[in-house]
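Presented below is the structure to which this report refers.
Labels run A, B, C and D following the written order; every chain starts at residue 1.
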Amino acid sequence: MSDINIIRLHHAALNVTDLEKARHFYEDGLGLIVTESDGRHLYLRGIDDANHHSLMLIKAGQPSLNHIAYRVSSEEALDRLGQIFLSENLPIRWLDKDEECGQGRALRVQDPQGFPVEFFCGMEKTELMMQKFHLHRGAKIKRIDHANCLVRDINQAYDWYIDKLGFMCSEYTVYSGEKDVLWAAWLHRKPTVHDLALIREVGPRYHHTGFWVDDAKTILDACDHLAGMGYYLNIERPPGRHGTSNAFFVYVRDPDGHRTELFTGDYFTNDPDWEPIRWSLEDPQRATFWGALPPKSWREEAMPVQHILTGELLKIEPPV
Amino acid sequence: MSDINIIRLHHAALNVTDLEKARHFYEDGLGLIVTESDGRHLYLRGIDDANHHSLMLIKAGQPSLNHIAYRVSSEEALDRLGQIFLSENLPIRWLDKDEECGQGRALRVQDPQGFPVEFFCGMEKTELMMQKFHLHRGAKIKRIDHANCLVRDINQAYDWYIDKLGFMCSEYTVYSGEKDVLWAAWLHRKPTVHDLALIREVGPRYHHTGFWVDDAKTILDACDHLAGMGYYLNIERPPGRHGTSNAFFVYVRDPDGHRTELFTGDYFTNDPDWEPIRWSLEDPQRATFWGALPPKSWREEAMPVQHILTGELLKIEPPV
Amino acid sequence: MSDINIIRLHHAALNVTDLEKARHFYEDGLGLIVTESDGRHLYLRGIDDANHHSLMLIKAGQPSLNHIAYRVSSEEALDRLGQIFLSENLPIRWLDKDEECGQGRALRVQDPQGFPVEFFCGMEKTELMMQKFHLHRGAKIKRIDHANCLVRDINQAYDWYIDKLGFMCSEYTVYSGEKDVLWAAWLHRKPTVHDLALIREVGPRYHHTGFWVDDAKTILDACDHLAGMGYYLNIERPPGRHGTSNAFFVYVRDPDGHRTELFTGDYFTNDPDWEPIRWSLEDPQRATFWGALPPKSWREEAMPVQHILTGELLKIEPPV
Amino acid sequence: MSDINIIRLHHAALNVTDLEKARHFYEDGLGLIVTESDGRHLYLRGIDDANHHSLMLIKAGQPSLNHIAYRVSSEEALDRLGQIFLSENLPIRWLDKDEECGQGRALRVQDPQGFPVEFFCGMEKTELMMQKFHLHRGAKIKRIDHANCLVRDINQAYDWYIDKLGFMCSEYTVYSGEKDVLWAAWLHRKPTVHDLALIREVGPRYHHTGFWVDDAKTILDACDHLAGMGYYLNIERPPGRHGTSNAFFVYVRDPDGHRTELFTGDYFTNDPDWEPIRWSLEDPQRATFWGALPPKSWREEAMPVQHILTGELLKIEPPV
């Protein structure tokens, strides 16, 4: 397990129905930087991203999750990951270098809960925009942070990512009762709160991609910027503090409904004696530390996910 | 009219049912500074306040607005105000120096819409806490900014404050239709957006007192501070940007339900050619520029107001 | 005196040697909005400015102060001001409407200390950019706030502005000793710390124009933005808190050396019992509340000022 | 090498001459939380720290660095570290559990450049204050971030930490010339800019301990708080943006002269193709991106370091 060494969540790839509309939202609205584009793909990155893309948009007939991608430490780690998925008879597909633009050889799989997941090691470098402050725009996104997935079998998903892929748990939420029954878990590889959040829900569905920004004021500025452009209906869940993760957040939806969390305020999770923080589902400060409930759309709406081989959308079913 | 010279809204006096609970909220929660107290009264002020109080809490059997108070430029202005209210046969009462603790001679009246309003010129000075930063706490409130009143007859109230008392209008909201019909108005004496907001509603009721803080980050810190203390249910309307007034805000309720707005982001309104900004009631960015609706309680709940002579609460009736 | 009613400092007009370089600095660097320009003039304004200009740049052979301008409440007030300056045998000149682009009839004078000062009432309105947040750039300047003038005779200047023009004093600094001897004074017409700061120095020289921004974070962002563009040498005095005025500031120099203060954190000064705050020149927290000394250039360099009739620069001499 | 697995810099231990004065500075000024104290020791931690201490103060005759401490992943890693230092004939000393209060078994060594360094795996847990926002005070320090050491032989130190202890380089500075000659290096184990900065200087001396805060506004608030308390002379280098590391910073000195950096604005450094950022010593934006020079004291003053066996201060000599 430890020799796989997944570094971190590295990018998300979203199927969108109108690439021009999506570009307007992500480039002019959120301020992501366009590295490259063609008629069917748009590759974007954050201010701190040194590689080709941390968000990839793909023209498609309907919106869905194309895949999320983790970066691993070496080509050997990639081979070992392939063996793990093969041995479990899960769908896998090897991509050649540049089959995904700018990216090295990659492994694409369907994880046990049905999520399309990619692993890769190498990616083309790009110009680092970190200190070109005068070119930072919109939400001034620094980098991708995490993916949030709605899974039907939370226990299976939790065990898979912890035991097989070496993730660690920073926080989790349980249904209260005589015994703790898991509702959600925040898992990480990089030493922050998460690379991957898992929630027990109707699934498989993709809830949101989390991007890191520098501070809370930047999130407020992003709201003003989006609302000034006319994107006020896209600000779905207003800025607030999460109980779980302690992050300051806002949630916005792109023109297809893909959800982005702008997120700041992390803490360090890699000490050998770190004990995951336990939340009860009923805790009124869990979702929002300041007490407000997420809106209905945030609680109920999420994206279907695509099969890595057939391209079909996976059937959405109740949790087990 | 111009020789009255009302300077600004100076303080609010609220009837509260439990002075200890109220003190915990306003002093430890919001960080207002206690100037003085006795068993029935608590006098508080902000960081920038050079005088005895900008908030006065009075022990009472039920919560209501005791009065709001404007400061005027001279004792002569006070006399002229008395004549205006007398000539309109409105209830008035003269208070001796120190009848309200720390305050000079004062005029208390019931305005034409039923609101208990006080005017005074002199008040005891206190220690200025402006640069004692290490003693600033909680919401780090700098000073009072405005009062928000729900009136039955908005046209009458508007004319009274503009024509008789010399207020000016910075922004207003209308029911859309063939002709503009007034729904709300933001009136000022000091050159900011408002000292007094008037809204057509079931009334007379007092909606909130607005206090100025330095910046948006301070408002977020205040939410964390209140939620850390357990006051998360008191954060009624989450932080956001108003369309009207362009202010960044949060609304909190004290243990009796009195509403406070923490507020920042004003602009200058005293140029001779300032044209009031017009809003349509239907504009989705009017209440919150970022699109979110205020919660039901914010739209529906407000405080009764007290008669200055009898102490009884005024009957609450539908708008005309 | 009281019938003059100066509203506030309204704009500054600076002579610059290279209009293109100046435009790059003020428009792309500081983010001021260009209202209009011709080959010899550039008219800029802040985000909250509803009128034609709050900064005017004029192509000239050498950098100097062309004039600072105050807005008055009425045309009659303008006439009375003309009489005051005439009766003192000070140089005056009447400008026709649009002689300064977008501006109504104006009075230009040389004040007793030699400063070129303009008074006017009317100015063309422009589009208000306040809520077009997506178009706010650079330092996101909201509006002009104050002018800082180095005068040879501080006592004369103080008396003139207080007694003749109705300014009020918010703070002042004295040489310590048996008796207070005035070194500097912060004077205002709008109810903030200042419209005009006067400092006893080699003069007459113009030290800086102060512009208001929303909060301290915006000032830090402005430094990053300017430094990202390569303007790091133009950041003369790093961000800090003033003792006097309590403002958070940064000072930047334009390509000709004209100095701009970005400034936030004001307080209200119009209460009838406001007592000016006294500072001793020796107080180590006076200039910077955090203790740092201003750099030599900030203490020693300032702009010559132009004669309103001859266009010549006034002779610079030691203080009296 | 890879089986050592140092997690991160975990705490600093400083010798101070007056424990009460030091406590006032670190607890009331910087807002660190006191976990435990006796007449000769004070143990403090940040808001996010889940263990006993991240700063330890020790009563001593003169100020110096007692040691800095790294946390390792396991007791086995500790043993292997002991073997490395033994095999190089460097001074080592094993500490029993609780010999340093709250800490497990530990290895203390003198590194090849003379710095007293500790390694340990286990430490007592404490109450996590992360969401007790109402108890956060002063600089609201979240956690320790890095140590900055002045070494005589930068090449030897660089190789030691990279090759023997598995550190990675995020940024470095060179004397410009025909060939790059190393002047300073930023080394990390956790995936941020650094756990350890090395600078070629008169040494061995300890320059500063860096603590993480949430955002730039918090650093400005900390300056106001310290200056309000009278600690304005302790604010040595005013807030600004570093070129190297891209962090926003302020440097403060404790009553003995120990230097603390309050620091925010990090980026992620663990991708397999991360290329260290190269700076030239002559770059005017290197030390401060906004162009200001550090004050003389910051460039010249630093603390002697103590021998782990004799307790004597190491002789300070010019760089090689």
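Assume a contact is a pair of C-beta atoms (placed from the backbone, for glycine too) under 8 Å apart; a residue touches a chain by one contact, two chains touch by 3 or more.
Since the structure is predicted, the reported quantities are computational estimates derived from the model, not experimental observations.
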item	value
Most widely separated chain from subunit C, with each centre as the mean of CA atoms	A
Pair of chains joined by more contacts [C-beta pairs], B-D or A-D	A-D
Length of the line joining the C-alpha centres of subunit C and subunit D, rounded to whole Å	44
Centre-to-centre distance between subunit D and subunit B (centres being mean Cα positions), rounded to whole Å	49
Subunit A-subunit D separation of Cα centroids, rounded to whole Å	33
Multi-partner residues of subunit D (each touching 2 or more other chains)	131, 215-217, 224, 226-227, 289
Touching residues on subunit B, where the partner in the complex is subunit C	7-8, 48, 50-51, 71, 73-74, 121-123, 125, 128, 130-131, 142-143, 190-191, 214-217, 243, 246, 264-265, 267-268, 270-275, 277, 289
Interface residues, subunit D side, partner subunit B - complex	28, 131-135, 138, 215, 217, 221, 224-229
Of subunit D, residues touching subunit C in the complex	216-217, 220, 223-224, 226-227, 232-233, 235, 238-241, 248, 284-285, 288-292
